[in-house]
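The two complexes that follow have chain A in common; it is paired with chain B in the first and with chain C in the second.
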Partner chain A sequence: MATGGYVGKILRLDLTARTSSVIETEKYVQWGGGHGIGSAIFWELCTDKTVTGRDPKNVVTLMTSPLSGTMAPSASGRVEIQGIGTAGYPINWFTRSNFGGRFGGQLKYAGWDGIVLEGKADSPIWIDIINDKAVFRDAKDLWGKDTQETQQLIWELKENEEHGWTEIGKTRDSGRTTQKPAVITIGPAGENQSALGCLVHDAGNAAGQGGFGAVFGSKNLKAISVVGTGSIEIADPAGLFNARIWAKDEYAAAPGQQVEPNGPTFGVDPAPVFLYAKNPDGPMGPQACQGCINGCRARFETGIANESSCQETSMYKAFDVLAHGEGTDASYIATDLVQKMGVNSYELMQGMGYLYALSKMGVLGKGLEIDTDIDMSRIGEADFVIDLVDKISNREDIGEDLADGFVRAAEKWGRLEKDYAAGILDFPYWGYANHGYDPRAELEWGYSSIMGDRDMNEHGFNANFWSVIKHMMAGMEMPVSAEEYAKITTSKMVPYQDDMSMVDYSTENMYSESFAKLVVWQRHYTRFWKQSALYCDFRYPDFTNYNREDNVGITGDGEPKFWNVITGQDITFLDGIELGRKIWNLDNAIWILQGRHRDMVQFASYIYDIPLENSLVGPYYPMAGKVGDEWAYINTLGRSIDRDGFEEWKTHFYNLEGWDVASGWPTRETLEGLDLAFVADALAEAEKLGGV
Partner chain B sequence: MAEFTEMTVEAAEKLRAEQPYEHRIHVSLLGKHGGFQPVPVLSASDFVKVTTGLNPVFSAEALARWVTERLGDAELGEAISAECADLALFAQAPVACALVAERLAQAEEVLGIAEPAVVEA
Partner chain C sequence: MVDKDTSSAGEIVPAEKTGTISRRQFFTGVGGLGVGIVLGGTLFNGLLLPDEVIAIPASQGYLLVDSKKCQGCNTCMMACSLTHHGVQSLSLSRIQVIQDPFAKFPDDKYIAQCRQCADPKCVTACPTGAMHVDTETGVRTVDVAKCIGCQECVYACEFNVSRAGWNFEEKHAQKCDLCLNTPFMDAEGGPGGQQACVAACPTGAISFVSEIPVQSDAGYEVNLRDEGWAALGYPIDDEGKVSPAEAALAE
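Right, the complex of A and B next:
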């Protein structure tokens, strides 16, 4: 039943039988949306949770939220994807990724809250969704095409078909639309089931981490196209309109107001941003995900690297400038390339650093220990990255070794332990690349990643790093002191509010219960508000907002306000966080069934053994922290994570979660308290229930 | 800018030599996303290239030590320390880059060669 943001149906696709069926969304509304619903469906439909990501029994969900396709600011355009991935090490965990754009909106307008993928097609297919009709179509003409060619071919095909959608004289409600179908697709990397394979939508929206490109490839699924002409019932349309105006008036920069440099928070970073290291020549214009108030991307006259805005734009800059002394065309050619081939730019960036190290050490090269035809002397040039990405995408040369990621390649080459020990294989947690926010400095990034399933990629506290750095770059004073930052931030962190030590990044505090509270809060907040309600990670949480005199951001007030006017519910900020706790517990139970135990929750060895000196990075990595009794923006470099200290921190974490501290497995009491008795039963049957 | 004394051929060759990977230093680049991206620097020439633009930052102390101990140029190391001592973090790169570039140009004049040597680990 369509009500309050939900359109009422989830499309269930059996790729093996090429049949579709309907799941009533109502059954899962208790899980909110997005990740919550995805985890609940995965729990039910993936009966053997120990299968690999490429197994036909793997179940994949693509879920929207009640906010998707609405006017909710910076919360309308994202889609959550889940399932067992292919990029994790040593286990391919049940994992998640997320992409922006307009796919979620079109899916809702077509009448679907989400899609469930099961089985494996016996030959390449794509899914063609128009409103309530889903057709399995032959993808032989698409297979082998890059992501942009694929979308172009689908658009041309739809344009030429006699569906009457663009005929003059027809109305929207009779089936006319001016919209191009929204397509999510894999490129050659996904087709060849490389763990570096991404899902790409439009020009620059990608679900990069997790290795879902390989999962799609393993299912012989090239693309999903959707276009719809329906609408979304909003519980309080006037309330939504007013809430959006409220958010703009209260938290966005006023016209002409000087915008303070800040991290990823609400109301900053006016569009468009720039590519690094070099923009394509010619004019550019802003581009945004559906419903966003901050278009953070650009479109260029050349069309090259369109809509790329994140790390993929700087993926090649290091080697570009090493080769040329400046950013050149090679940087944006590389950016465009990973979008087209559907390759995870984070893994590739850190992986290229590893290959460079191996080549300089005389290990990798033509006729060397790791033999390759790739000319490593060309690194930094466009032809090098084209050759490397081509070999990865097609599993040729070392691309075959890299098909399960750089960590597994290092293991295959017999180098994993020694290259971890040397600190040259910068993949600190679960086989995922360092995000640039090293666990030894920015503790919450590392702790949250290792307690989860992947590089977490959540910027809520990281915004503080960016805020301080950007003010330094601009030669400006921070608008708030570290103490004020800590006070404002922790006042919003219900139910642990006002424990300011939660954001104390000092070495003295790095294993404390307070710092465990921060990570617990972050896991619960993001599981619901960001990954289920689908508020954009670049805008929420907004702790400190320098557009306002009091510097207090929208978080805590904004998230439930939009949720409630759209759904007609009356939940509090804390209610959402508690639902996040429940979803997080369900995810953790899946990991336990896959083999998770406290003992294996460990960083790569260099995180413990090599201090992150300022000669390695930085030299200044600022976060809020205490020096004695005084707050300051402290330099968090110069330290490593102590093994015993980390064990102490894990014990705090497990205690706060109500999980058994010896195993890291939840207790029945904890699960039943979250209305998850069925999860406790499953863990008990597997003899993996904590506290037994 | 510092006034450097004349270089010997041996000193010039050492200054221009590419260091083994294990003796690299790092310059961090800061883009919009992804935090600091540490770039391995194996030679004085690498340093000049990497510090030309893109918000490069580095430890001036580590650079001075590296220049002194690995590239054998105490005079350049002292100049880097002195000139960068009172500068803000993001203001150090142009100064250090100019110093290293100047010394490299001097070395190239002494040697009159283009290709860098490689030293054994």
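Right, the complex of A and C next:
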């Protein structure tokens, strides 16, 4: 029973009929929020789970959590989006993405815990949500506009502004706000249903992976705008305020002060995360998602690439340096461009590397085997990326081939296997671009991605890589030894907390049951605490926190503390992880109905055949690991994944999940143990129940 | 977004809304901009000094903000609605942060907080005394029992983004009371106590002071940035126009 956090209603929109209805949230509270509720609704409403992402029968959910729009630190601003994607290979899995900003808060203030999209509009529309009213509006004036223009045009429709407050409705008491409507929109890439199309909100929040831009485009849905003036009930208001101050005082950086470098964790300072070859050095100010304990982005004196951080700031780096020997404005222009055009920068970054390799091989270019008008000699210049993004967005030239992603383009060009074999098509799992944290070195990133549906993009264990790298580059000593890191981290990994070998990244341990436990824990932890409760990936889990003398982070204590004071429930950290297990099992059942089997759970061939020699920062990829009996930060480069070893690891994984090791399908016993008998029934009907 | 002109100090306010102070206190106060000027039924033209004047006591506290240090997370707004009303709402917050994601720094954010004006137009405009000056602390605040919902205070506030807000849920006017009345905050609020927004702000972009700032726009928009802030790569000059890298080059 929850007495706070939820606002009680989910907005169900039938785009075909242009009608709306209400789903009572209470029915789904057992799934927590965000991803859990999204999966449960998708399971029920998407009756044929084998449809493609662009099929009108595809059901899309945008879900908040009880924590959205509240003071829960770095958990207030994110929204989970789910549905069948367009960017996967060989199957477009039921997938997820997630974006920050302030959309989730506004949606809750408007009185909605989430949105369900069904069907397809017969002409372009946008959805205008103002408190409890949702209106389907004609999008002919927005179609063709970039993401910035679209949002600004919608904001211009704001009416009744008086004394800086926008009055909602016509009565004194119908609500008022000073805030701009929060808009999630596609750009031209999404309109033209390119799998590289993503959803963008404000200047720099994007749901990039999964190809949801094409899904919106296929539904003729340009944008959703929401503004709300209502309130969210909180079970223990004073408790929430006290908890926020506790987190700030005990774990966060001192306000406005630089702290010991770390990877993406709770204790870092509000410095923007830039990965440009030449980072901006002009005047700028900090920018954060709603409720963040310390933001990771900035806005600039130039206004160019506002709110961009991390990967999207690195997407043109290599090419910029290739062309100029150093970072230039071309990188800022490229980053700004993908935000405005709504293009997935991960896919584009690795894709440009692939195009460059093909051009150097004499395969791609004007009049060549893969004929293109794009001048490959200009790669690294601003005009090159502008031309390429334009062609992708409009499905012109090779942009048409790339409309289903680079891997399917390679297949179409008859080059998939040989370019995988050569290692030039760096898309290791399910057709998704390598995140830069290669499966051969950072094992959990690869294993979690391949056991799931996409590049997982979860930095919990990756944070240690960045911590060590930053200390190395600064010539500083790590605040914790590898053994201390392992001890602190694994102590929080309930229910497997007694096994320190879980975080041993050594080659000797890479196929072990212990390492399978890490991935199982990660799948369950993130499915609930990060993707359902919507704690931000850039701040949680917080294993090590250098603002504290004991270096012990907030994870384990913080997540349930905020959940409980907001909802009035009394759950433990482990309760959340166990709910994550249940949600993960539901997701896996959907993949199985789509065609998942153990045999197809494989990386691209180069991951097995070509040792990794460099990380994204050079010839070193430090992770914790054991050398003999001693813990150290070891270099995990120089190795590939062994095919038999990986099969051994998969068997450990399936055993830990209670899934049939031959097929990877769950057993009835496992599903019923999770109160998922209805899922077992559905799998049995499809003759895909494990252990039968 | 720019505040309206605030330099109107000659308004006449009914004396019965305020306490009385001595002539000496009046001079002291005006000299330090410590009180709002109010005459007990007598026109004050700068030449005629009555033996006794009635003034609105100065507030014993003020919020200063640095929008160049604000990260736009709206945590202050959520802290405000939470501690005053027990809910999370941006609309019920008495401090408002307005942003344009596409604007150029430093014009991308604007923090609208109540100034506890020396000459509070919201108090003047209130026909019932609901919007009043707290006798103990000088804080301009609302006695909700007296509020008749006319919104005269909302319209009277001279700033764009009126600092007197209309609480459309509870049907009364409200404004920043420096956390004098925060039933959902354990710590004591008000001047001398804790302000929820100051306590919660992650970057330290809001501060509390006891002395009334200079009565100009810049008086409340101050520079709260120090060398630690510069170490994060952000400018610390008053205008936010010189980045640390540029400052280092200039040296």
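Here is the rule we use: the second predicted complex is superposed on the first by the 656 of 692 C-alpha atoms of A that agree within 3 Å, B and C clash if a C-alpha of one lies under 4 Å from a C-alpha of the other, contacts with A are read in each partner's own complex, and residues count from 1 in each chain.
Going forward, contacts are C-beta pairs under 8 Å (C-beta built on N, C-alpha and C of every residue); 3 or more make two chains touch, one makes a residue touch a chain.
Computed from a predicted model, the values in this text were never measured in an experiment.
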With the two complexes overlaid on their shared chain, look at chain A and say whether chain B and chain C clash or fit. fit
Quick one: classify A:D629 as touching chain B (first), chain C (second), both or neither. neither
Considering only touches as defined above, state whether A:E326 meets chain B (first), chain C (second), both or neither. first
So, A:L616: does it touch chain B (first), chain C (second), both, or neither? first
Applying the touch criterion given at the start, work out whether A:E477 contacts chain B, chain C, both or neither, answering first, second, both or neither. neither
In the superposed model, does chain B or chain C contact more residues of chain A? C
Applying the touch criterion given at the start, work out whether A:I245 contacts chain B, chain C, both or neither, answering first, second, both or neither. second
When the two structures are overlaid on chain A, which partner does A:D644 contact: first (chain B), second (chain C), both, or neither? neither
Output check: A:M284 vs chain B and chain C. Expected answer is one of first, second, both, neither. What do you get? second
For the combined overlay, can you note the least CA distance between chain B and chain C, rounded to whole Å? 14
Touching chain A in the complex: which residues of chain B? 20-22, 25-26, 28-40, 42, 46, 48-50, 52-55, 57-62, 66, 88-90
In their shared complex, chain B is touched by residues of chain A numbered 273-274, 276-277, 309-311, 313-314, 317-318, 321-327, 346, 349, 353, 356-357, 360-361, 422, 424, 435-438, 442, 462, 465, 469, 472-473, 475, 613-621
Show me the residue ranges of chain A that touch chain C in the complex, using the header's touch definition. 69-71, 76-77, 102, 105, 108-109, 148, 151-152, 163-165, 172-180, 202-204, 229-234, 237-238, 240-242, 244-245, 248, 252, 254-258, 269-272, 281-295, 298-303, 306-307
In their complex, what parts of chain C are in touch with chain A? 1, 68-75, 78-79, 81-83, 85-92, 96, 98-106, 108-109, 112, 149, 151, 154-155, 157, 159-162, 165-166, 168-169, 171, 184-186, 196, 199-205, 224-226, 228-229, 231-235, 240-243, 245-246
